[in-house]
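In the two assemblies presented below, chain A is common to both, partnered first by chain B and then by chain C.
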Partner chain A sequence: MNTIHAIAIVVLKEMIRRKDFYVLFILTALITLLMGSINIFNDASIAGYLKELALLLVWISSLVMAITTTARQLHAEKELRTIFPLLAKPVSRAQLLLGKFAGCWIACGLSLFVFYLFLGIVAASREQSLDVGAYTVAFLLHWGALAVVVAMALLGSVVFAAPSSNGTICFIVAVGILVLARHLNTVALQMDGVMGKITYAIYYLLPRLDWAFSVRQFLIFHDPMPGFAVWAQAMLFYGSYSALLILAAWLLFRRRALTT
Partner chain B sequence: MNIVQPILKTENLRVEFRSKDAPGGVKVALQGLNLAVFPGEVFGFLGPNGAGKTTTMNVLLGFVNATGGDAFLFGENVRDPIARQRIGYLPELTYYYKFLTAEELLRFYARIFNIPKAEREKRIDAVLKLVELDHARKRQIKTYSKGMQQRAGLAQALINNPDLLILDEPTSGLDPIGRMKVREIIQRLKNEGKTVFFSSHELGEVETICDRVAILHQGELKREGRVADIVREYNCDLEQAFLRIIGFMPQAADSALVSKAA
Partner chain C sequence: MSAPILSFVLLAVSCFSLATWVGPRFEASQSRRGVGHGALGNMLGDSRKLFADHFFTRSDVYFHSGYYPSMFDKVKLKENHLAAGAKTAKCEHDHAHEGPCEHDHGHQETKPEPKTEKHGEAEHVHGEHCNHGEEETDFLGKPKDYFDGFSRNFFVTKHTHLTEKGTNAAREILPWIKLAAQLDPRKVESYTVGAFWLRDLKRDAEAEQFLREGLRHNPESHEILLELGRGYVARHDYERARNVLEMAFRRWREQENSKPVEEQNRFAAGQILNNLVLVEDRLGHRDQAVSWLGIVRKISPHPEEIDKRIAEVRAGQPFEAQ
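For the complex of A and B:
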C-alpha cells in the first residue's frame, strides 16, 4: 500500500507542477465568464444555457485532463528510463499500475472539484441559490466515470506504442460512449440477425459514462435527483469496470520484457 | 568450516529474443551463463557492445525473463520482487523525474522501501552528502548538469543502504571530474564492505577498482577471475588482455586494412 501511495504522490506532484490544469481551468473560466457577461434579448433562461455551456466545458476539460495525464504516465517512465530504477526496487508491476491509476484518478478528482466549485459559484451568482446536494452527487458521478476513463487510458498505454495515439483513441471512444452509447439499444432493435445481437452486446459491454453525463438533467433542468441506491449502484459499476480494465492492463504488462 | 555464499548467482542462464535478422528468427543473447559474486567484492562485468551484459542485468533486475536457467540475489529467485529489497541499481543515463527535487526523489524511493520517517530523513542527508549534492537538494532535477543527475542516480541507488549495488556503466557520458567523483564513491562503498557489480567499458577504471572481473562475448562467458591473475597471465594491462580474450587482434586487423588499401 505504501508503494502505491508513494507512486500516486509523484503523479499528483507532477500534475501540480505542470501547466495543463491551470490552462484548462483558465480557459473554462474565461469562456464561461465571457458568455455570462452577455445579456441576450433579456432572456431569463440565460442562466440555464450558461450552466449547460459551463458543464460541457467541465466535461471536455475533465476528459482531456484524465486522458492526457494518464496516457503519458508509462510512456514517460519508459522514455526517461525512470521505470528501470523504480522496478529495480521491490515494486511489482501491479503496484506500479495501481499507483499510476490512483495518482491520476485523485489528480482528476482534485481538478474536478475546483471545476465544480467554479460551476456552483457561477450558477449561484445567477440563480441566487445553490443545491449543494445535487452538485455533490454530480461531482461524485462524474469522478466515478473518470475512473473508467483513467483505467481505459492506462490500458491504452500498455497496448499502444505512442501516448498521442493512445490519447486520441481514448478521447474518441469516451466521447463516442457519452454521445452514442445510450442510443445503441434503439439501433440494435432496428437491425436484424447477427448485427443486431452484436450491437446489443456492445450496448451492454460499454461502460455507461452517459449515466454520469445525465447529471445535467438535475443540475440544469432541475429534474428530481436519483436516489442514493441509484447513484451508489452507478459508482459500484464504475469501480468494477475500472478494476476490470486495470486487470487487463496488468495481464498484458506483467510479463512484458523491458529492455534498457 | 564457514562457506561464504554468493549474493549474486546465475545458473545456466539463457536468454533468447525473437529477431527477424537472426537465423531461425531467434537471437541468443545469453548462452548458459554461470556467475557468482561474493560479499564485499567489486566485480567488473565486461564485454563489447552486444555481449549480453545489459541483458544479464535486465534478468537480475526482473525486467526480462530468462528463457532458461535461473538467477538469484541473496538466495532469492529474481522473479520475486523481494529479491530486490537489498540492492541498489543505477541504470545507464537515466533522466529522473525532472519536476522533483533531489530530496523529494529520495523521499519517494525511501517510502518504497518502507524506511521509517526519522531514519528516512537521516538517510537522505547521508546519501546527499556522500554524492555531494547537499547544496542542490532543494533544486528541481531539471536544473542539474549531467554529472549531477548521475550522482542523483547514485543517491537513489544508495537510499536503502543496499548490500549489493548494480551499476550499469556508471561513468558513461561523464567528464573526467564526474568520473573521478563516481569512482571515489565506488571506492568508498568498497571500503564500507559493500558488494558492487558493475559494467563498464573503461578498462583502466575497472583495473583500478575491481577485485574480480567476468568477460562476456557474444552471450558467452569467456573468462572469470581476479584482475591481478588475468593481468599476470597475459603479461599486459587489462585492456590488452580483454582484447585477446574476446579474440580481437588489432595487429591482424591493421595489416588487413593495409593490404586492402594497397
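For the complex of A and C:
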C-alpha cells in the first residue's frame, strides 16, 4: 500500500509541476468569463447558457487532462529508463499500475474540484443561489467516470506504442461513448440481423460515461439529482469497470518486455 | 525604354485592369451570399444558417427543460409516423371494400388546407417535435432494457416547461435566440419568438429594439411587423400600431396574394387583421373596424362568426381580439 501511495504522490507532484492543468483552467475560465460578459437583453441573471458552456468546457478539459496525463506515464518511465530501478526496488508491476492509476485519478479529482468550484462561483454570482448538494453529486459522478477514462488510458499505454496514438484513440472512444452510448440500443433495434445483435452487445459492454455527462442537464434546468441508491450504483459500476480495465492492463503488462 | 521596364509596366497595367474587373464582381458575390456581416458571418460563411437553426432549436430544448428528442429518437418517430400513415392508407383502402375500421384517423390528411395553424407564429415556439400525435409527447416510450431504464435516472425524462419554474425562468431561452439571430439575421422566427418572450417577461423596450433589428435585416417580413404592432397594442400606442399593422397587411398581400389559396398563410393575415380591428375599435373608428372585419370574413373558415363580430362592433360593443 505504501508503495502504491508513493508512486501516486510522484504522479501527483508531476501533475502540479506540469502546465497542463493551469493552461486548461485559464482557457476555460477565460472563455466562460468572456461569454458571461456578453450583454443579453440587459439581463445579467441569465445563467443557463453559461453553465452549459462551462460544464462542456470542464468535461473537455477533464478528458484531455485524464487521458494525456495517464497516456504518458508508462511511456515516460520506459523512455527515461526509470522503470528499471523502479521495478527493482522491489515494486511489482501491479503496484506500479495501481500507483499510476491512483496518482492520475486523484490528480484529476483535485483539478476537477477546482473546475467545479469555479463553476459554482460563476453560477452563484448569476443566480444568487447555489445547490451545493447537486454540484457535489455531479462532481462525484464526473470523477467516477474519469476513473474509467484513466483506467482505459492506462490499458491503452500498455497496448499502443506511443502516447499520441493512445491519447487520440482514448479521446475518440470517450467522446463516442459520451455522445452515442445512450442511443446505441435505439440504433440496434432499427438494425436487422447480426449487425443489430452486435450493436446491442456493444451497447451492453460500453462503460456508461454518458450517465455522468448527462447529469449536467439537472444542473442547468434545476431538476433534482439522482437519489443516493442510483448514484451509488453508478459509482459501483464505474469502480468495477475501472478495476476490470486495470486488471486487463496488468494481464498484458506483467509479461511484457520493457525494452523498446 | 528597355524591354524589361516595358514588360513591368505592361504587367502592372494588366494587374490594375484585372483588379478593376474582378473587384466589383467579388463584392457583388459577397453581398449576394450575405458574407461580411460581422466576424461570425465571415468565419462561418453559409454554414452559419445551420448553426442558427441548431441554436434556435436549443432555445426550444430550454423551453422544454431539456426534455427533447435526439436525432435518433426523431428517426424512430418518423418511422412510427410512416407506419401510421401506411396503416391509414390501408384503412382507406379497406373502407372502399369492407366498411369502417376502428383505429385512429388522426393522421389522415389527404386534402391540403390553407395554413391556419400557428406554425411560424410567435406563440408557436416549439420545434420539430411539437405535439401532433400521442407518441411524440412521450418519445422515450417504455425502457427497452435494464440499462435503458437505469440510464433514465441521469437525464431529463419528465416533460416540463421553463415557464412552470418561475416567472422569470423563460429568460434562459433568450441567449440562444439572440445567438440564432446573430448567426442568421434573415431567420424571421428568431426575432418574432424572441420578442414574444421578451414581452412575456415585461421587457417591452428590448422586444421592440430586437424586432426593429430584425426589420432592418428583413424589411419585407409581415411577421415582424405584426409582432411590432402587437407590442404597440399592448402598450396602448394605437396610432403607431395601426401604421405598423397596415404595413404588415400590405406586405402580406404583396407576398401571399400571388400564391394559390391553399398555400397562403391565412393565419398570419387573420392575426394582422384582428389586431387592426382592435386598434380601430380602440381609436373609435368603428366604420374602419367593420371594413377590416369584412376582409377577415373573406379569409375566415367561419364567416358566420365574423358576421356576429361585425354586428357587435356596429352595435357599439367593444371588440376583443380573437
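Just so it is clear, the second predicted complex is superposed on the first by the 254 of 260 C-alpha atoms of A that agree within 3 Å, B and C clash if a C-alpha of one lies under 4 Å from a C-alpha of the other, contacts with A are read in each partner's own complex, and residues count from 1 in each chain.
Here is the rule we go by: a residue touches a chain if its C-beta (ideal position, glycine included) is under 8 Å from a C-beta of that chain, and two chains touch if they have at least 3 such contacts.
Computed from a predicted structure; not experimentally measured.
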(Q) Under the stated touch criterion, which partner chain does A:Y49 make contact with: chain B (first), chain C (second), both, or neither? (A) second
Q: Return first, second, both or neither, reflecting whether A:Y204 touches chain B, chain C, both chains, or no partner chain.
A: second
Q: Using the touch definition from the top, say if A:T186 reaches chain B (first), chain C (second), both or neither.
A: second
**Q.** Greater residue coverage of chain A in the superposed arrangement, chain B or chain C
**A.** C
(Q) With both complexes superposed on chain A, which partner does A:R255 reach: first (chain B), second (chain C), both or neither? (A) first
(Q) Looking at A:K19 after the superposition, I want to know if it touches chain B, chain C, both of them or none. Which is it: first, second, both, neither? (A) neither
Q: Could you say whether A:L80 touches chain B, chain C, both of them, or neither, answering first, second, both or neither?
A: first
Q) What does chain B use to touch chain A in their complex? A) 17, 54-55, 57-58, 61-65, 81-82, 84-85, 87, 89-100, 104, 108-109, 111-114, 153, 156-157, 160, 166, 168
Q.
Which residues of chain A touch chain B once you look at their complex with the stated criterion?
A. 2-3, 5-6, 9-10, 13-14, 17-18, 80-82, 84-92, 255, 257-260
Q. Hey, which residues of chain A end up touching chain C in the complex?
A. 38, 40-43, 45-49, 182-183, 185-187, 189-190, 203-204, 208, 210-212, 214-215, 217-218, 220-223, 226-227, 230, 233-234
**Q.** Residue numbers on chain C that touch chain A, as the complex places them
**A.** 62, 65-66, 70, 72-73, 75-76, 79, 144-145, 147-148, 150-151, 153-156, 158, 162, 165, 168, 171-172, 174-176, 178, 198, 203, 206, 210
